[in-house]
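Structure first, commentary second.
Just so it is clear, A, B and C label the chains in written order, and each chain counts residues from 1 on its own.
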């Protein structure tokens, strides 16, 4: 038996360049989502490295209070005369740090526990599932508020508070996948080869769960961004002295009555845009990584 | 010379895929005579199932008929509008699939299925008449009348396939296309079903296109046999000539590689290689890379599909 | 040396029927699917032992029970002198080097995210036989043996990038990597295309010679079995109804069920269209199998005794076993 040229499936990049990753109209969603994700991430990293990325110091009074958007201050200024545009650029640091940190924490914990629980089964699985389900049944934001109030402020504490509410998402996803993959013939094949339990879990089950994890991770970052903003809005933010989108909205909201719309609108738009970017990217990734829906 | 019911001429069907367009049915011409069982045999991916569904103008998505004619009872189906085509499907051409559970509604009893089918196409039939007709059909199916109120899941696989044929009978369909209809059945049930189908066909003079990869099944019931290879029709003949003296080397190799429990030998002929990728079919005859009799012309030019002996068609340069 | 490589004694597997809570309250006792209901046979070293039957006959479960991929409800499986059923989990795992399984569906039995070469060579790592470069060399050598050529090109591909026939070769190579003595082949060619089947069958026969293997060949296709099996056992509803040399069983089937199965095999020759009548009905449910002889409701020769009395599985002619009260009348 020899191979023909067409046996070789083109790589992901080649397929991407040909615009043939998947059928349907969803491809532009991934591209737009990906661009937003790329933009916001690189901007945040850049603002870490170069302190003068933004036009003004985000924490200094640079103009009169509540100046409407103009050429000097394109998003206007807040009640202390700080440039809102600069605050948004620096505020991204905190939002993204918390979002990534919390999503990563819940990924590591949720995936590990999910893998073990699903694979081992029995009463241990039942007990863990019960705990996870009870966390899951709690309204996410309320749980995060309680935890944040308990743990106090700071990036790490807020991240943990948010991470806890997303652990069950990963757990349920991974456990469900493990339960179904465990029944796949190739896992039985591994057993008949003489593989140990941990080999089966690590080499045969885990690699087949990864694509779904990546997708859910991206979605969870989007969710965590909104949750972090929500916590900051009610005053459970990382640090009131640092620029924070949620906290800025909180302080700007009372000014809406006076017709001063810019302190609320621009941070709000930033949150919406970034959360949307991550979810679109996640949706798109799920189309690429799980092409079974479109491929016969 | 028997009268033909279906006349397919130069049918072309394309599948766009992410790696390019596949021509899944390539210039296929064939006629199906009234009152015959025409067996269509080929390996997976040769286009036989796609061809069967193309006759209903329902190729599996995203396939598309891009050329040729399908003349059914004097009418070119390619010229019909979608609404007339819809009425024709089911009423005059019925299809039976490998897995009948996907075609039967699990919430409807056998009686409901039959009655609904009868009344959908014969509006002037009363409930009582329809019920009587349903019972008489059930008798033909070899299913006891008390099972009329059973649901599909209560029937065995063989019975479900009979019900599918029964639905075609209820409509007085002119043509029944059976696509791998016996493949999921166990060997004894399959044999029972084939015996029954053969009897029924002779009694009612049905026209059946039997699509399968199982050469034993084809030999058991077909009047004529068509062989497809890599989207092309390569041979067509009455069953006896085809099995006794196959003309195309592919047919010859295929028949020799099928286990036959009746023969004394205990080795099988081996056909090397595998069917070509249809994205890039070989030049000339598509079988030439595997053919033991390959000549220069085979590599360059496509052999015409023509009547080599009376009633025995083949596409091979050996006979030119 | 012992003549029998595998000896199966009174092997049973009853699967509990999944019932809803209310059903459990109503019915007094648990229901079981009697997938395998007490089978005895032995496989000689170096032979191909066929296990044939329709779906639901228990042939696949029997194969899995022998390898203890399914835990038996009752019975013994001897590999040489060792009863596999008595082994601990870890002992059984080590034992798997000597016995392997080939699956019906090669696509489903390969990890989609493991390269072909890695999949074939994984057992070398599991049992710490070879790693790295040495593993690769051994795998390439095995790939040549199963005619996956050019081997080095196939090594780094994923299963979905090759054809179905090639996937079955991968599964064969994987099973033979540790040089087992015994291979259970569960319908190994059923999913392959007609023209590829003969090639695979031929390959399996050659590999058997090369590697000195003993096969348990599970199949529903008696025509295929003819080309590879030395002896055959016919299963019906969890029991073996006939067993013997393949030629003997095919030429002089002593059980009415075997006769029916043989008559039903489609023959690729229109001159040989079937004329013999077939048994009525279909295989009954293994939850409540018929009393007495399990085939009696469908048997054309059944008498009142068949419903009442379970026929003994007896050796009517040396080497030819049958479970039928009236088998003598079929003897030629």
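Odds and ends about this structure:
By our rule, contacts are C-beta pairs under 8 Å (C-beta built on N, C-alpha and C of every residue); 3 or more make two chains touch, one makes a residue touch a chain.
Every value quoted in this text rests on a predicted model; they were computed, and no experiment measured them.
Most remote chain with respect to subunit B, judged by CA-atom centres, is A. Two chains share more touching C-beta pairs than any other pair, namely B-C.
Between the Cα centres of subunit B and subunit C there is a gap of 32 Å.
Inter-chain spacing, taken between the CA centroids of subunit A and subunit C, is 50 Å.
Subunit A and subunit B have Cα centroids separated by 52 Å. Among the residues of subunit B, those in touch with two or more other chains are 274. Contacts with at least two other chains are made by residues 1, 7 of subunit A. With touch defined as above, residues shared between interfaces to two or more other chains in subunit C number as follows: 163, 165. Listing the residues of subunit A that touch subunit C in their complex gives 1-3, 7-9, 184-186, 188-196, 199, 203-204, 207-208. Those residues of subunit C that touch subunit B in the shared complex are 54-55, 163, 165, 193-199, 201-202, 220-224, 226-227, 250, 260-274, 278-279, 282-283.
The touching residues of subunit C, counted against subunit A in their complex, run 67, 69, 93-94, 96-97, 100-101, 103, 105, 108-114, 122-123, 126-127, 147-150, 153-154, 160-163, 165-166, 169, 171, 174. Within the complex formed with subunit C, the residues of subunit B that make contact are 43-44, 156-158, 186-192, 194-195, 213-220, 222, 239-240, 243, 253-255, 257-262, 266-272, 274-275.
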